[in-house]
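Across the two complexes that follow, subunit A remains constant while its partner is subunit B and subsequently subunit C.
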Partner chain A sequence: MTIASQAPAELHGASAASTTTAPGSAPRRRRKSLTENRWGYAYVAPFFLVFAAFSLYPFMYTAWVSLHRTSLSNIDGGTWVGLDNYRNLLQSEFFWNALRNTFTIGILATVPQLCMAIGLAHLLNYKLRGRTFFRTVMLMPYATSIAAATLVFSQLFGRDYGLINTMLEAVGLERIDWQSGTVSSQVAIAVIVTWRWTGYNALIYLAAMQAIPGELYEAAEIDGANKWKQFLHVTVPSLRPTILFTVVVSTIGAVQLFGEPLLFGATNSTSGGSSGQYQTLGLLMYQQGWSNFHIGQAATTAWMMFMIILLIVGINAAISRLRNRAER
Partner chain B sequence: MTIALPGTQTTSVQPVDRPVTRKGGRGARSGKPGPVAYTLLTLVALISIFPLYWTLVAGSHTNADIAATPPPFLPNASLFENFRAALDQAPIGKAILNSVIVSSSITIGTVLFCTLAGFAFAKLKFKGQGVLLALVIGTMMVPTQLSVIPLFMMVADLQWVNQLQAVIFPTLVSAFGVFFMRQYLISSLPNELLEAGKVDGASTFRIFWSIVIPIARPAMAVLAMLTFLTAWNEFFWPLIALTTANPTVQVALAGLGSGYIPQQSVIMAGTLLGTLPVLIVFTILGKQIVGGIMQGAVKG
Partner chain C sequence: MIHSTKGRATLGAALAAVLLTAGCGGSDGDAAADAAPYDPNAPVTLTVGTFGTMDLDNAGLYDEYMKLHPNVTIKQNNITESAEYYKSLQTRLAAGSGLDDIQGLEIGFIADVVRNHGDAFVDFAAEENAEELKGNFYDWKWGQASTEDGKTIGLGTDTGPQAMCYRKDLFQQAGLPTERDQVSELWPTWEAYLDVARQYQGKSSNKFLDSPASIFSSSVYQGETAYNDAEGNPIPEESEGVKTAWGYASTAASEGLTANLEQFGKEWNAAFSNGAFATIACPAWMLGYIKSQLGDAGTGLWDVASLPGTESSGASNWGGSFLGVPKDGKNVEAAKDLAEWLTAPEQQVKTFTEAAHFPSSPQAAADPAVVDATNEYFNNAPTGKIFGESAEAIKRTPIGPYDTQIQEAFTTALTDVASNGTAPDAGFANAVKAAQQAIGG
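Coming up: the complex of A and B.
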C-alpha cells in the first residue's frame, strides 16, 4: 500500500463523515469548510516556510551547482560546464571505488542486522521477566552518537592496543589489522552500524508482531504447525510491510554512510583508509567539497546518491507491488 | 512516490503495552520463554552495554595497559586526569552547553511546527493537501548530502558560519514529525470534539490551543524525546557548519580523533564526557523512548 494513494482516501472519508452529520444546513456548512480551508494553510505554513528555505530550495540548487565548476573559496562564482561533472564522475575510479564500498558495506551492515533484529523481536515478544530492562538496554546503542560509537569501536578494533585483537591472540588466533584490509575494515564498520541499529529495528518489528492477531497463531496451531513453522508462516508474512519499510530506511541510511568511515581508526581522514578501502559515497562527497574544495563535483556526487536511492526505492516498490498482485 | 510504511493498514496509534497483549490474547506468543531465550537476550544486552562500559575502562588506562593480557576490566582514578586532558584538547564543556542549546531549540521548533502541520493534515481540509503531504513524505528519502552545499552557501552569505543558528534553523522541522503527529491525531482526536468547539463559537486557534494540544500532548512528548536525541547526535551538517572553536558535542568528538598522536585514553575519556548527558537522559526516560519508537512503528 502506498502512502500517497492512501492519504486522499482517508481525507475523503473524513469529509464524507462530516457532511453527513447535518444534511439540512448545507449552505452554512459550505461556509464553514471555507474557513477551514484557509486555516489549513495557516497551520502548515510555518512548516513549509522552513522546509522550503532549508530543504526544497537547497535540494534544487544542488542540481544547479552540479552543472558548474565551483570552488569552495569562490562559492557564488561558478562557471557553467553542463554535464561535465557527471561525465568526470562516471569516469573517476574514486567514484566507482566508493560506490562499490558503499554497496558492500551496505549489504554487510543491513542484512545480518535486520535478520538479527527479527530474531531479537521474537525473543522480546515472549512474556519476559524484566522486559522493560531488556528493551531499554537494547536501545542504548541507538542513543549513542555515531561519533562516540565509532571512536569506541576504533579502540576495540585497534591493531596494537585493541581489545578484540587481544582476545583473538588469547585464544590462539592471529591479530588482524582491521583498518588496513579491505574486507576487515568494511566488516568493522558494518559492526558499528549493526551495533547501533539492531535494537532499534528489533523494537520496530516487536511493535508489528504485537499487532498480529492471536487467532492466526491459534489457527496455525490447530493445523499442527510447530513454533518454527508458525514463525515462518505467520510471523514473517505478517511482518512483510514492516520488513519492507526497514529495508528501505536502512538502505537510505547505508547509501548516506559518512560518519563511521570518516572517524574509523580515529584518524578523521576523508580518504576512507590509506587506499580508500572504506571510502563511501557520502565520504567521497565530503572529500570533494571540503578537502579538495571542488563544490560542483561534490554536488554531482550528492545527486548521484539521490538517484541511487530513488532506484533502490523504486525496485523495492516494484517488487512488493508484483508480489501483491501475484497473491491476489 | 511510494514508500510502504509499517502497518499501513492500521490507522490507530496504540499504546505499546496494551492490556490485550498482557493477557496474551494477541501478539505475545507462547507463555514462557525458556532459558535459551534469557541467555540470548542477556548476551545481546551485554553486547549493547559493553562498548559504553569500555569507554570507562579504556578512558582510565594507557595504551599499553589496555593491551595487556588479560586486559583490565575495571576503571580507575586516572580517568579524572584523562578527563582533564580531554577538556584541554577539546572544548567539551562548551560543546555540551552548545549541544543543549541547539537540541532544545530544534526540539521546541520541531514539536510546535509539526503539531500545527500534523493537525492540519489530520483534521482540516484544504486544496492541495494530498500533494503537500506526499511532498513531506517524499523528503524522507532525500539524503542530507543533497542539501548541504546550498545550505553552506546560505550560511556563508548570512555570516552564520561557526554560529549555532547555522545548525538550528535548517533542522527546525522534520517530515517524520509531521507524519507522526498526523497519524496520532487522526485516531486520537474525535471529530465531534472539534465540531463541538465550532458550535460553541471558538476560533480555530482557540480550538487548537484548548482541544488539540491537550489531546496531542503524549505524542508531542514522544516526538520531543526522539527529536532531542536525533538533534544531539546530528553529525554531518554541524561538522560542516561549525568548527572546533564553537562545536557541538559531535564536532568536538570528531576533533578529538584528529590529533596527531592519538592518545586512546584521552579520546575515550572525552567520548565518555560527551556521551554522558545523553546516557543520563536515556536512563531516566528510556522506557518512554522505547514506547515512543514502538508507537511510531505501529502508526502508519
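Coming up: the complex of A and C.
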C-alpha cells in the first residue's frame, strides 16, 4: 500500500475521467490530478532533469552547432552556413570511407559474435559441472575496460614484436602486418569487439533460454527431434524477441565504434590507419572535432550517425513487424 | 494543501538548481579590470600550465624563484600529452575562464594562438623592457610568437635544433666509419645520406633509419617554406620544402631503407632496445627520449653527427615551446615577472644543464656551460657545440595554425607508401587530400 503503487492507477483513472467529462471541467480536474500525484512526479523528476541537462540540451545544441562553420576555441562565434556542413559531408570521400569501414567492421564483429553467443548460451544451459564459474568467466571481458583490452590486443597484433606474428612464424606461416592492411586491420578490430561482447550477449540469451518452458523440449523429444533440431525449432524461435534486441543493441554499438580503432593504431592517431583503412564514423567525428578543431563538421557527423542509427532501428522494427504479421 | 505548495516549491528549486548548473561557466572574466596597483612583495600563488616534459620543475627553477621571492608560491598543472593540453587550453580560451596565470605554448599550436587568440594574452612587445626581452631570443624564435602587427604573446623556453643520431656499433658492423666527424662527412646532403643507407642495407639485416618521418619532419623545415606561405597560410601542395622533403622521405620509404615504424608508437619504442635501426633524426630533446627508452644499458651505443642538408640549408628546428601570460588573469603583473625570469638566458642555461633542453636564447647558447657541454651517454658528444651551430643557422620558416595536422597527414601517407607499396605520387595526393580536410572547415 505505498504511494508509488497507487500512483499509476490514479493516473490512469484521471486520464480516463478527463476524456469522458465535459471540456469545461477538464482544467480543474487536471490540476487536481497533478497535485494528487505530486510524489509520482517528484520521483521521476530527477531522471528527466538530468536527461534534459546532459542529453537533451547537448543534443539540440549539437544540431545548432552543426549548422555553423566554427572551431573548438570559438564555438559560439561561428558563422551560419545552413546545411552546407551536411552537403560537404555527403560529398566527402572521408565520410564514405568511414561509413564503409563502420559497416564492414560492424558485420565482421556482430555476426560471429551473436552466433557464438547463442551457441555458448546453449551449452551453458546444460547442467554442467562448474556452471557458475563458466558464466562468470564469460562476463569478464565485458568488465574489462576498452582501453586496457585494446592496448593488450594491439600489442598481440604488433607487426614486429607481436605474439600472434611470432606464433604464425613458429608454425611456418608468413608474418602479417595487421595494422596496415585493410582486411587484416578490420578483422583484428572485429576480434577485439567480439572478444568483449560475446559473453555479455551469451548471458542475455541464457536468461531468455531459461524462460523457455521445458515442456516444449519434452514434446519435441517425444516427436523424435534430436538436440540440434530442438535447438533449431524450439530454442531459436523462442529467442526471436531477444535476438532482435541484441541485434539492435549491437548495431547501435557498431555504428558508434570508437575506442577500439582509436587505440588499435600505433600512435592513437585519429586517422584510422595509414590510408584510413579502419577509420570509423566515430573516429572521423573525433578527428574533425578534436584533431582538426572543426566543431561544426564534427557535430554534423554526429547527427548523421544518429540518423543512420534511427534508420537501422527503423528497418529492424519494420522487418520484425512484417514477420509477425506473416506468422499470424 | 499546504503540503502541496511546499512540494511544488521544492521541485521548482531543484529544477532551477539544475538549470543553473547546466547554464553556467564563462562569465567571471571581468574581475581583473579593477586594477589595484601591483605590489611585488604581496603574497601570491601563481599557477603554470605545462605539457609533456617542459622540465621547468625538474630544472629546479620554481624552487629557486620561490627562494628568491618568499611571497610567491608556484603551482604547476602538467598535462602529459601536448595534444590533450591544447584541447583543454582551447576550451578554456573559448569559455574565458579556468586559465592558468602562465600557459605553456608549443610550436605546434602557437601559430593558431597567435592568429586567433592573440588578444587573450599579454603583449610582451608593448612592455617597457621589450627591446631587452627581444634581445634575449633568436630572431626566428621571437618571430614565431609574434602577430603580423607586431604583438608578441609568448617568451621562448627551449628549441629543437637538429642533428643525426647514429648507432656506433651497427655502423662498425656494416663497415662504415664510426667517428662523428667522419660520419658527418659521409652525408653533407640527403642524397648522400640515402646512398649511405643503400650501402648499409646491403651489409646489414636491420634497417638504416627508424621511419620515413625522420627524414620528412627534419628536412621539411630546411627549405624556404615548410607548410605555409610567408603570411602563414597553409600551402601543403605547392610548398618547395614539402616537395623536397617528400622526395627524400618517399624514396627511403619505397626502397625499404627504413624500419617503417610510426614515431612515438609502441613498436617504435620497443625497437630502440632491439637495435632495429641505425640512425634517427635527433632534435636536441630526442637525446633525452633515447636515453629514457634504453636506460643505462644504452650508454655509449649512440653518438651524434650533423644533420644532412638540402641545397638551401643544413639547419632545421623541430619542436620548442613558449610561455604566455593570459591577459585577464588575477595576477598578471606577478605572472609576467615569473615568465620573464623563467625564460631569461641564465635560467635557460640551467634547463639545458639540468634537463637537456636546448636554449632559445643566443646568450644562453654562448654560455660556456652550454658551449662546452658534452653528453656522457652519447660517447661524450659535444652536444652544446653541435646543437649551438645548428640553432645559429636556423632560418625563420613561416609557421601556421595547421602544421601539426598537415605534418601528420604527410607522415601517415609515408607509412602507407612504406607498408602498402603505394606509389609515392599517389601517396602525395592522399596526403594533400588529408591536409586539405584538416585545413578546410
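Simple rule for what comes next: the second predicted complex is superposed on the first by the 290 of 328 C-alpha atoms of A that agree within 3 Å, B and C clash if a C-alpha of one lies under 4 Å from a C-alpha of the other, contacts with A are read in each partner's own complex, and residues count from 1 in each chain.
Please note the rule applied: a contact is a pair of C-beta atoms (placed from the backbone, for glycine too) under 8 Å apart; a residue touches a chain by one contact, two chains touch by 3 or more.
The model shown is predicted, which means the values in this text are computed figures rather than measured ones.
Chemist: For A:G181, using the defined touch cut-off, is the partner it touches subunit B, subunit C, both, or neither? Pick first, second, both or neither.
Modeler: second
Chemist: Is subunit A touched at more residues by subunit B or by subunit C?
Modeler: Result: the larger residue contact count on subunit A belongs to B.
Chemist: Return first, second, both or neither, reflecting whether A:G172 touches subunit B, subunit C, both chains, or no partner chain.
Modeler: In the superposed model, A:G172 contacts neither subunit B nor subunit C.
Chemist: Touching A:Q155, do we find subunit B (first), subunit C (second), both, or neither?
Modeler: After superposition on chain A, A:Q155 lies in contact with both partners, subunit B and subunit C.
Chemist: Go through the superposed model and pick first if A:G82 touches only subunit B, second if only subunit C, both, or neither.
Modeler: neither
Chemist: After the superposition on A, what does A:G224 contact: first (subunit B), second (subunit C), both or neither?
Modeler: After superposition on chain A, A:G224 lies in contact with neither partner.
Chemist: Touching A:G282 in the superposition: subunit B (first), subunit C (second), both, neither?
Modeler: In the superposition, A:G282 touches subunit B alone.
Chemist: Looking at A:F306 after the superposition, I want to know if it touches subunit B, subunit C, both of them or none. Which is it: first, second, both, neither?
Modeler: first
Chemist: Could you tell me if A:S291 is touching subunit B, subunit C, both of them or neither one (first, second, both, neither)?
Modeler: second
Chemist: If you lay the two complexes on top of each other, which residues of subunit A touch subunit B in one and subunit C in the other?
Modeler: Residues common to the subunit A contacts of subunit C and of subunit B are 35, 38-39, 41-42, 46, 50, 54, 57, 75-76, 154-155, 158, 160-161, 266-267, 290, listed in rising order.
Chemist: Taking the complex as given, what residues does subunit A use to touch subunit C?
Modeler: Interface residues on the subunit A side: 35, 38-39, 41-42, 45-46, 49-50, 52-54, 57, 69, 71-76, 92-94, 154-155, 158-161, 177, 179-181, 265-267, 269, 271, 274-276, 288, 290-294, 296-297.
Chemist: Using the touch definition from the top, list the residues of subunit C that touch subunit A in their complex.
Modeler: Contacts found on subunit C: 4, 7-8, 10-11, 14-15, 18-19, 21-22, 83, 87, 90-91, 93-94, 112, 116-117, 259, 261-268, 270-271, 274, 276, 402, 405, 408-409, 412-413, 415-416, 419-420, 422, 430, 433-434, 437-438, 440-441.
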